[in-house]
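Okay, so chain A shows up in both of these, paired with chain B first and chain C after.
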Partner chain A sequence: MDTQYYIKSYCKIKEAHVTFNNNIVFEDDAKDLKSFLKNIYKHLALKYAKFFKMDNLSKLAFLGAELLLQDDEKDTDRDIAIVLSNRASSLETDRKHQEAIQDKEKYYPSPAIFVYTLPNIAVGEISIRHQLKSENAFFVFDTFNAEFLCNYATVLLEKNKAESVLCGWVDVDGENYDGFMYLVSRKGKIKHTIKELTNLYQN
Partner chain B sequence: MEELKLELKNKIIENLNLEDVSIDEIGDNDPLFGDGLGLDSIDALELIVMLDKDYGIKLLDPKEGKKIFESIEVMATYIAEHRK
Partner chain C sequence: MKQIFITYNNIISSLGFDTISNIENVSNGVSGIKKIDDDNLLQQPFYSSLIDTVKLDVAFQNIGDITAYTRLEKMMILSLKDVISQSNIPLDAKTGFIISTTKGNVDTLDENSSFPKERAYLSELGKQIQQFLSIQNEAVIVSNACVSGVMAVSISKRMIESKLYEHVLIVSGDVVSEFILSGFQSFQALSDAPCKPFSKNRTGITIGEAAASVLVTSNENYLSKDAVQILGDASHNDANHISGPSRTGEGLVRSMKSAFKEANIETQQIDYVSLHGTATNYNDEMEAIALNRMHLEKVPVNSLKGYYGHTLGASGLLETIVGMQSLYNNCLYPSYGFDELGVSQSINIIEKTKKKELTVFLKTASGFGGSNTAVIFKKNKNK
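== the complex of A and B ==
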């Protein structure tokens, strides 16, 4: 594992701010997460009606991927693996599904909600949007696990499973959200190390 | 019948999260699937649940939906004839 890999770009969606490579690209005072995510979508001038059908976790991951892949689409062969992680899995949507089936007399599970009762659906939404047929995984940890993600992405690149890896932490639990996503590649200025990842996530 | 058609358009926009679509953009005879509103298979299931929940109509065979959900006009006619 001698090859050096780099964090080509990174973004954060956190505390009503969206940053890309440490530059603020959007800030908002939306009253709730759903509105905030919708406002980001509009700010980025996206045209993708399916966005509105997604749950908040998928929307968060989708928007992060949009920021990271918007320029990348032009100059790569799109061999991009996806490795995401979070703490709450799909708990927010799981709760909504539970509510829909709570009443045994009025039992109306919503298919549109049910399909999002897995966190890796967020990976699927990104793959569909960017036509990726690549390696992917979604892991659940108590906190952002820089060591695991760094090692996992490195192995994927070392084994030639992908040209680059879209990694990150996308967590949604109620109105609490935390998005940190980054693209690992053979090109870039920031070294892909546990220390750098920890630093970027925390600062 | 006009009231029911308007109600259906509102429900479809709300239940299927068609945030970029307004009521005026849905013609009574526009196809709901394919080239029309572009609804997908999950939307079809959601419409089946809506028929049951809001109008007491149970579609036992999901394939029936293909004809019933052809357009707002067809849907409204079917609901008017079968609602409980």
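== the complex of A and C ==
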């Protein structure tokens, strides 16, 4: 693995702030996560009705991808792999589905909720939006795993499985959320290393 | 590039607690699917392939406290422990660890569960298994719907290629729960009879449960007699729909093309394809289209869902292990439950057990979120 890869751009959706390459894009004092995500959507002037059907995890990942892929053309066949990760998997929606089946007197499981009881649905939503028919995977770790993500993205690029890789940590657990996404490519200024990723995630 | 192999393996399912007993049942045409009547799982009777709880606890009580671990943990620990014992692999920093599961311990969210709700975090499942078996590395948990099991194989290969690890242990598993059954029923995807993949009269999915484990290694000192080399692998998204496959099979076709390119072999060299075959209308139709687009329509294929049901995050790895045994025994196993072809394009479904020299096989899977995986395996001739 000799080729140097770069972090072309990165964004964070965290603590009521949205940043892109360390510049504040949006801040908000919304009372809950759902409103905050809706306000970001409005701020970015997006027109994508499917957004409102998504659960909070998919919304968070979707908005991160919007920030990172905004300059790219959506109609060309781009080879951008997607590798996302988090701690709580789809637990937030799992709890909703469990609530719907807990009481046998009020049993109402819904396919619109059940489909979001899989974390990789967030990857599917981004793939549909940007028409990325490319390599993709979703991982769960106890904490942000810079070492694994860095190595995995490098192998994908090294083996020509993708031209660039959209990576990230997108976690939603109750009202707690943490979004950090970045684009790994052959060009850029920040070196794609475990140290840089750890640094960007923490600061 | 060094060669990477799947070697020692185990399956814990309704058909047995090791690979040999599972294969005996499959080759004798025994299915683990039965009619189940259990209000705690579903309000009406349904078909499923369940692991015998008493048998599971009897096996587990030799090594641990049966009340301290969830059903899934017991299955996974027993399965992975068998692979560790067979292979004698050192559980040090050079041995990576992957868990593939779709829903993990999600049944602990139920108010009636005796386990704390924290157990539903997948990293908690990882810790339980890691600690019980004294594995040094934290688990990399793969949760990609129904492709998880076979995708884990692809990921293990990439972990070894990244030079971080010499070996990777994979354990995959899911249990049948009210959570899963109620969800698939809300999609009207559950079959009211044992599933019949690719058949004209198929009526949907049968859900099952299993755990399956393998050792993946680049070290030729750890090769089992049934070892296979992983030649190529890929996982492409359909970018079409979150709960249904692409009608053209686009993501699956791209996955297969990428796997073939990496394997550097022609489609004519494939002796057998182990398909996903869930027995839903859309999935089976999509797979037939994708096979034809790849000119694989004449190659013998089967779905193993008729024996095990759809075991979710375990299915891809379980079916890979059965495929390895097909190669080792030079034997094609029939697609259980198949009668009359019910897809629009011709494919070559295996209807009777057939002895045949087999060298290369392809495993595919597709699932929610538009996910698809294809992996190509070759018999290890140096055994």
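Keep this in mind: the second predicted complex is superposed on the first by the 199 of 203 C-alpha atoms of A that agree within 3 Å, B and C clash if a C-alpha of one lies under 4 Å from a C-alpha of the other, contacts with A are read in each partner's own complex, and residues count from 1 in each chain.
Everything that follows uses one rule, which is that a residue touches a chain if its C-beta (ideal position, glycine included) is under 8 Å from a C-beta of that chain, and two chains touch if they have at least 3 such contacts.
Values in this document were obtained by computation on a predicted structure and should not be read as measured data.
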item	value
Combined model on chain A: chain C and chain B, fit or clash	fit
Contacts of A:161 with chain B and chain C, given as first, second, both or neither	second
Chain A: partner with more touched residues, chain B or chain C	C
Partner chain(s) touched by A:110 [first = chain B, second = chain C, both, neither]	both
Contacts of A:89 with chain B and chain C, given as first, second, both or neither	second
Touching partner for A:194 - first (chain B), second (chain C), both, neither	neither
Contacts of A:44 with chain B and chain C, given as first, second, both or neither	neither
Vertex chain A angle, Cα centres of chain C and chain B, expressed to the nearest 10 degrees	80
Overlay on chain A, chain C to chain B nearest C-alpha distance, Å	7
On chain A, the residue positions that both chain B and chain C contact, one per complex	109-111, 115
Residues of chain B touching chain A in the complex	15-20, 38, 42-43, 45-46, 49, 52-53
Complex interface listing, chain C residues touching chain A	43, 102-104, 106, 109-111, 120-123, 126-127, 138, 140-145, 151, 155, 158-159, 161-164, 178-179, 182-187, 234-243, 250-251, 254, 258, 262, 368-371
Residue ranges of chain A in contact with chain C within the complex	1, 82, 87-89, 91, 94-95, 97-98, 100-102, 104, 107, 109-111, 114-115, 117-121, 123-125, 127-128, 130-142, 148, 151-152, 154-156, 158-159, 161
For the chain A and chain B complex, residues of the former touching the latter	38, 49, 52-53, 106, 108-112, 115
